[in-house]
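The letters A, B, C and D name the chains in turn, as written, and every chain counts its residues from 1.
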């Protein structure tokens, strides 16, 4: 991630600002406001704005005339209670706005979260930068043989190197051709006066989905937690997981009590099916049971045992 | 729930229809289409239309050109997998439309589920019927002393009788005054030519929230399951729970595999927090632990033990 | 609208706060933050928090690294362009949170706007105040004979007085009975030790829909404008229109350029159907045409003529 | 658009089905159910399922016990009234499910319509086909000089030919490399036993955004009309417009009255700002006014005059 001088100057102006407000303000988040956190090779996440704090969750839950907070232990208890019982609406009362730079294929996962607002950089209107995502060698892996949508064994150094060369070459060629088809100089004049050049909205169709785009993305805390519960999780593709992890860190600064409750009750928890609950209840009474006793499918049984650090026979790993 | 003759005739016309379609069709649901299922004293739920079936979930998950189904055991396995891993989007591919008659205070809970379409009977445009919800005596209970938003001990017969008389009297008086203020005959002419009568949108403000309203409500299967997971659950107010239970029965007819998966993995399951997971893992290994060992709050510990049929010391109940 | 001393103190603490922030800050809105604006007889609207300003709309539209603003005339032009061409997503980048006190029948209209977050005061958990909406005499009107869902002629003073007495009497009786059924003192102890008292979630069913409730309501600027376009409009029931008008005033302080564009292009504009467009095109060329020539329905023709200050023959009023 | 034999057989099985239903059924739509309508060079739209018809709009608006329809002229009038007054909720009571094959860059526009359900073919799980969109020569145009996000002059035959060759070459190379990196035979075995091959979720990042993807897409009629009002319109990129036009044709078969009302009141209408309304009112009275008199910006004035077939001086074109 490299910023141009003018981008750095613009960001600098923002971080130098100091206004007076009566609104709830979170110093730990103010400290990192506008600053880009690098993700992947060229991506970033910047917090552009936020509304509310942990106390705003409490205030909304109590429909209060004032701040609504009581002793901090009570506030913490209330936040935990709300999270545990899926009283999600008070968490919707906090809002965050991010500026994100990300590869198109990651953006395509991300956009599936519909309860959010997006303004994306328009490749119909503007020219995309020559920036592509290439995975680190240690992240280049073969198709998983277990999980149909995931990665398995890591490639050899040689094979990873070859993949890298292919990705780099194709990206370069596609982008060179994009520029050639556009036939535009940065100031909008033509490069070659003898050609018209192709409209931006058409030329961009030649760019692979590892090209970077960027957008403003704004959502509320409840929907952000939902996003994290799906995207910071082991089944999510690693690239979007890296973004999710940066956002999780941001949440820890912004709304520490809510994030702690989220990590305790949602992200870090275990969900048991009805059969799994019955099996666990028996095992908690000292019974030794098998998958067949439990009447569970193989995949689910394996996941259950793994969740409790047991092998498939129910013995500690 | 009493239907007028003209309502019965209208419903009769619908149930007598027989069209030919290429669309997925569920005979068990066709059998009950349009028929009102009574709920509470005057309410009902009618299935007006539906789209899709269990196979439509599978078809969408596979983005198939045809029906997308394979062996029925594979379809069932896939539906379970989707439910278990919260791959919710294929369940959005089924849709149902209900006609519901319900008290306003229930409607006010219901409408909080925002991902649904609603057309409600307009009290600005039409006159509401003289129908009010009065709880059965066995459902009249005191405020819970445990749970701040719930019911505890049942009232004595005498006290229930008194409450019933009060509710009935106030409803009658409010409705009489509603009619008086409207000053309208059923055909729209004035009852008393010497008074203007009050506009419907104003007169209705005198009606208590146990008056019945009705609406068309349409949602997809994923959001319907979400509704059920919150409203068929023990913390929901009993009145809306009765509606939820009727809907759950409808789902069993409509999409039996999906509903079974929902009951197994969502409705009937147990969610463990991070600390609860750790505590359970230790207990599954035969350790005897206390709430303090687990580092859990009282309420959460109690709920955890109850979920597994244990008392607060961890002994079988 | 009367506030208790403790409510006034709580609000006072909020308005006395002064934090330092780097976030976009709108002094004109800071001035009125937390202050209740009275609506109807006991209702109010308070701005609790906000995110963004006019420049945030511009910044998002440009997916900018900095503030994104250029000359103020350019920003204004861009905001107008976005509004005129229905590029709505940049307006979603501003957010506002309100605390609103409102009668239940108004809340029932309001909640139909689904793209918003709500935390409502819970009558399952808490006891509602003895506050009811009674219309002013000049607002008590008969059913419209033109418009099936609206008001026509104003009631006579005597009839209005009678309606007022009825509403007041029924509200008082219902609330007295609510309190009696609850059998609770403000501190939660029983009023009469010999009765259990009815659970709050049940007792509240006796309250008419003109009782006041309150909620926290949070939405983005695009959806707020959509709300206003439907609720500040002449077909909306007058009671919710009064709330909409107060919100419109708040918007003028908060985002003056966006609100001006909204009033110019949406709220104050005229929408012509295809036939109406053709008819207007002919009239602009000096042709004199009739409804029959235009092929328009009566209601639409009348609305069209009215919109341009003409009578049904097309002559200036 | 070519279908494989097995796809044709699967579609054939669906179109041969005939079930009996009591649900509203639209013969004109049944006739085309499941049949692919070609769009662009390899894309298609297939109607997979639908719920409701014109009468279902009427039925919901009337919250009826039966079909809710009256004389067909009254139903038509009601549908027009609903559309004209933006009473949108009854249109949400119809639902349609489509199977769409489309280039990724079109999918990226489409997905911005958030009130819809999507199941997309997963390139993490499956291998994308070697199918890319290449514009017809007559659609290859230069960047517009008027409109920053649009097309202007058409390229010369020679230049279009060159662009076509570039797009074709880059697509072929990227796809060849995709296959090479995957190192998979169609049956999942390795092509070259000496290489691991790259996971699908990674290899796909090399494919340009003109590669075709496919999805199931389901939405209600109100949101479909909103989609069409933005995507069948002249500012939309031509590629998505072609899809929108096919959908508009489908709507004409499915819900002819609603679609006619939509075309009359929304799609084919003209929206006038407050100033434009005032200017038009004066011109309708025979006044000759200039842009300066109207106080309008150039762009808006030009659009206004064009809408009524006038030049910028207000003279008929």
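Operating definition for what follows: contacts are C-beta pairs under 8 Å (C-beta built on N, C-alpha and C of every residue); 3 or more make two chains touch, one makes a residue touch a chain.
Note that the structure is predicted; figures quoted are calculated from it, not measured.
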item	value
More contacts between chains, A-B or A-D	A-D
Distance from the mean Cα position of chain C to that of chain A, given in whole angstrom	35
Chain centre separation (chain A, chain D; CA means) in Å	29
Distance from chain B to chain A - Cα centre to Cα centre, in angstrom	34
Sites on chain D at which at least two other chains make contact	89, 112, 118
Graph class of chain-chain contacts, one of line, ring, star, complete, other	complete
Chain D partner contacts - residues on chain C that touch it in the complex	77, 80-81, 84-86, 89, 112, 230, 235, 263-265, 268-277, 280-281, 283-286, 297, 299-300, 307-310, 316
Chain C partner contacts - residues on chain B that touch it in the complex	103-105, 107-108, 111-112, 114-115, 118, 122, 124-125, 133, 135, 140-144, 148-153, 155-156, 159, 163, 166-167, 170, 173-174, 177, 180-182, 184, 195-202, 204-210, 237
Contact footprint of chain A on chain C as seen in their complex	3, 7, 9-11, 13-15, 17-25, 30, 33-34, 48-52, 56, 59-61, 63-67, 89-90, 92-93, 95, 97, 99, 117-121, 214-216, 218, 220
